[in-house]
Amino acid sequence: MAEISLDKINKIYGGNFHAIHDLTFTIRDGEFMVFVGPSGCGKSTALRMIAGLEAISSGELRIGGRIVNDVDPKDRDIAMVFQSYALYPHKTVRENIAFPLLMAGLDKAEIATRVDAAARSLELTPYLDRKPAHLSGGQRQRVAMGRAIVRQPAAFLMDEPLSNLDAKLRVQMRAEIAGLQRKLKVTTVYVTHDQVEAMTMGDRVAVLKGGVLQQVDTPQNLYARPVNMFVAAFIGSPSMNLYEATLDGANLRLGGNTIQIPEIVFEQRPSLRGAVRRHVVVGIRPEHMNDATLLPASAEITARVKLVEALGAEAMVHLVVDAPWVDAGDPDATGDIAIERTAVARFSPKSSVRADDIARVSIAAEELHFFDPVTRESLW
Amino acid sequence: MSSENRFVLGMLMPAALFLALLVAYPICLLIYNSLFSVKTIAPDVREWVGLANYVNALTSPRIAESAARTLKYSVFALSFEFLFGFCAALLFSAIADKSRLHRTVFALPLMVPPIVAGLLWRFLLIGNIGILNYGLVAIGLIRDPGDIQWLSDQDLVIYSVAFADIWLTTSFVALVSYAGLTNIPKDLIEAARIDGANAIKRFWHVTLPMMRPVIAVVVIVRGVDAAKTFDLIWIQTQGGPAHSSEVFSMNIYQRMVRYGDLGSASASATLFLLVMILLAALAYWKIWRSAHD
Amino acid sequence: MTDVNQRDIGKALINAAALVLVLSYALPYVYLLMTSLKPAADVQQIPPRFFPASISLENFRDVLFNSTLPRAFANSLIAAVLTTVVSLALALPAAYVATQYRRKITVLFLLFALVTRMVPAVSLGVPLFQLLKSLGLLDTVPGLVLAHTSTAVPLALLLLAAFFEGIPRDLEEAARMDGCTRFQAFRKIILPVMKSGIAITALFSFIASWNEFLYALLLTSETSKTAPIVIAEYNSVFGLAWGPMTAAAVVYSLPVIVITLALQKQIIGGLTFGAVKG
C-alpha cells in the first residue's frame, strides 16, 4: 500500500528526443489511476519509469515516501502486468504464479497457500498444471494477473492488459479487474488508449498528450470540466463537436445560426460576461444535440444531414453545420474523410431525418463548452 | 557507468577478449610476419623486407595460377551446387508433404565430414579401381574405364575435385532453398495463376524474386566457403598432379610447411584474408542489400 | 479424362525423379559402407564391384585394434566436447546482450564476429602455429581446442543471436519485476526458453570441431592428432590402404550421422535459421 508521487519527471532519449515533460502529480494510496492518451503520448513510458524499466532523465519519483529513481525494479515492491502478458513459456501456470514468491525466498508452504488462493480468486485452479501455450487469451491474461497479485505488492502497474482480448472478453475483464482492485485496495496504475476503459475503471484519470500532462481528475470532472480542447474531445465518444463562433453579449453566432446563451452559463463561466464580438471556439457534445421536432431544447440550429446511422437505441446523425470546424488536436483521430467536416449528433431513434434533409437540431445550450481559440484552453 | 551498461560490458567481455586474443592478435601477427623474411623453423631470426613478400606474391606465376584455380573451382562448384540444389528443392516442393523422407535422406551428405567425402570421391574416381568409370562404361557414356583420368589429368583435376564439394553441399543449398520456397505465401502464387501466368512465368516473376534474399545468403556463404576449401582437395590429390589442383589455401600451406617460408606464406595469407573480406562485403552490399530494397 | 491422366503421369514422373535423385545421392556413401565390409584383399580388385563378395569385418578389426585410430578418436571427442562447452560459455552471454540490449558496441561486436567468419583457416593457422608454439601448446589437445574455438565462437555467436532475436523483450522485464537481477533473469528465464536453440548451436559447434582438419594438420603431431589426420595418414609412402581407410572413415562418420538423425527436426530448422539470418 503506497502513494506514488511524480515530481517534474522528464524522459529524454538519445540526447534530443524529449518524450516526457515535467510530469508532476500524485497517485494516492489505494487509488485506481488510469493513464490515457493517444499513441505516442508517453503513457507507457511513464508507467515503465514507475516500474524501473526505463531510466528517469530528471525529476524525482517516490514510492511510499522514498525516492526510488535508482532503485532496481525488483526492490520497488511493485508488480506489473504486461500487454503481452510475458508469461514464462516453459513453466506451468502454478510455476509462473509461484516464481516471484520463489525469488523472494518464501518457504514452500507459504508459496503453495498463496498460489492456490490467487488461482481460486481468478478461477485458474483447473489450469494450474498447464503451460501457457495451452491456454486461451483470457486465461493467459488471468495468469498474468495472478502472478502480480500473489506478491501482495505496494502497487500494481498494468500496461494495456486488455488490448489483446476480443471485445466481449474485454468488457468482462474490465469489471473483474475493477472489482479485484476494489477488494484488494492496492494502489493501481493502469495504462490504456481506450477512453471508455479509462472512464469506467479509474478513480482518477491522467490524460497525456505528447509527453505533457493535460489534466488529472475524476472521470466526471474530465467530462464536465475539461481543461482544454484536446481533453474535451478525447473524453466522450463520439467526440465533442468543435466550431469557431462569435460571442456578442448573450448571443452566440454559429455560422448562420444564433444561439441564446442562458444565464447559468455565465454564472459558471464568468469570464464570458460582457463579450463584444469575441471570437471563441464552442464545443457541443453529440448527446446534447437532438431532433428539435421531437425533443426541443433551450436552443436550436439548422444543419444539413449528411448521413444517418440507425443503431436501434439511437441514431447517429452526421450534420454539416455551416461554421468553421475546429480540429481538437488528437493525432489518432482520423478526421472526416469528406472535405466538409461534419458534426455528429445522437438523435432519438424515432427521428425521421434522412440524408440531404435540412434538419432542425435542438441544442442544450446550458451544456455548451467554450474555449479560447488561441490557447485552446477552456474559458471559465 | 549505469548498471545496465556495466551488465552489457560484463556479458560481452569474455567473448570479446577471446576473439581479440585468438583471432585479432593472430591476424596482427600474420601481417607483422608478412613484412619480414623469416623461416618457419626459426621465427626469431628475421630480416625486415617491407612489402617485398607481397610483390613476390603478386608477381609469382605459381601463386597466380593457384588463384586462378581457386576461381575455377569455386565458380564450378557453386554453379552446380546451385543448379542441383535448387532443382532438388523445386522437386521436393512439388511433392510437398511426402518429401519428408526424401529430404532426410538427401541431408545425409551434410552429416559426412569433408575428409570422408573427399576420400570417398577419391575412391570413386581413382585410376583403375574407381567404380565411377566402370559405371559410365556400363551406361555406355565411355568405352573404356581408362578413358577419363579424373584425378591424374592435369586439365581435368581441378574440376574433378569439385565433385565431392558439390555432393556435400548440394544438400545444404537444397534444404535452405526448400525452406525459402515454402515460406512464399501461397496466395501470391495463386494470384499469379488467376492472372493467367503459366508455371514458367510464375516461377520467373513470383518465386524467383521472393527467393532473392535466400539465394543471396547462400551464394555469399557458399562462395566464400568454396574459395577457402582445403581439406576436401588435400585428401584427394594433395595438390597434384604437379600442382594442377593446388588452390590458394593449399599454396599458402605449402609455402609455410614444405618450403618453410613463414614470411612469404604470411603475405599470401594476408592477401587471401583481404580478398575474402572484400568479396563478402561486396556480395553483401550488392545482393543482400538490393534484395531488401 | 485425358486431363486427369496427364496430371497423374506428371505426378508419377516427379515422384520417380525425386526417388531416383535421392537414392543416387546416397549411393556414394553406401558404396563406402560396402567397401569397408569387403575382405581387405578384395577392396582394390579390378574391376571393382559394388557389393562385397563376402562380408568381412577384418578392416574394422584392423582399425579398431591394431591402429592409432582409437587414440585419435578419443582426441577428437575430447576436443569436440571441450570446444562446444567453451564456445557456448563465451557466446551465450555475448549473443544475449547483442540482441536484447542493442547499442553501438554490440552492433560493432556482431560485425566483428561476422568478419572473423570470413577468415580463411589457413590465414589464421599460420600465426596460430606461432602463438601455440610460444605458449608450449603445440601438439596438445588444449592447444587444438583453442584453435577450434576460434572458429566455433563466431559461428555460435551468429546462430545464438538469431535464436535470441525470437525471444520477446518483455520476458526479461517480467523476470526483473518478479525479483530477478539482470543476470538472474538471463539464467533462470531466458536460458531455459532457449533450450532447443542452445542444443542446435552445441551440435554445430561439436560438428565444426569434429570435422576440422587443417588446424589439426598444422598444430598437432603424434600425441594429440585427431581422427581425420589418422585417416589421411593411411595414404603413406607404402601406398593407400583403402580397406582400413574406408573402415576408419565409416567409424569416424557414424557419430555425427547418428546424433544428427536423432535431432533431425531441430537441425533442419536450425540450418535455415542460421542461413537466412546470415
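In this document, chain identifiers A, B and C correspond to the written order of the chains, with residue numbering beginning at 1 in each.
Rule of thumb we're sticking to: a contact is a pair of C-beta atoms (placed from the backbone, for glycine too) under 8 Å apart; a residue touches a chain by one contact, two chains touch by 3 or more.
Note that the coordinates shown come from a computational prediction; the quantities given were computed from them, not determined experimentally.
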Busiest interface, counted in C-beta pairs: B-C
Chain at maximum distance from chain A, centres defined as averaged CA atoms: B
Centre distance in Å when chain A and chain B are each reduced to the mean of their C-alpha atoms: 60
Chain A and chain C: spacing of chain centres that average the CA atoms, whole Å: 57
Mean-CA-position distance for chain C and chain B (Å): 16
Where chain A touches two or more other chains at once, by residue number: 72
Residues of chain B whose C-beta touches two or more other chains: 3-4
List of chain A residues in touch with chain C within their complex: 51-53, 72-74, 78-80, 82-84, 86-90, 99-100, 103-104, 147, 151
In the complex, chain C residues that touch chain B: 14-15, 17-19, 21-23, 25-26, 28-29, 31-32, 35, 44-48, 50, 89-91, 93-94, 96-98, 101, 103, 105-106, 109, 112-113, 115-116, 118-131, 133, 146-147, 149-150, 153-154, 157, 182-183, 186, 210-211, 213-214, 218, 228, 231-232, 242, 245-246, 249, 252-253, 256-257, 260-261, 264, 267-268, 271-272, 275-276, 278
Complex contact set, residues of chain B against chain C: 3-4, 7-12, 14-16, 18-19, 22-23, 25-27, 29-30, 33, 40, 43, 88, 91-92, 94-95, 98-99, 102-116, 119-121, 123-124, 128-131, 134, 145, 167, 170-172, 175-176, 179-180, 213-214, 217-218, 220-221, 224, 227-228, 230-231, 234-235, 249, 252-253, 256-257, 262, 265-266, 269-270, 272-273, 276-277, 280, 288
List of chain C residues in touch with chain A within their complex: 168, 170-171, 173-181, 184, 189, 192-193, 195
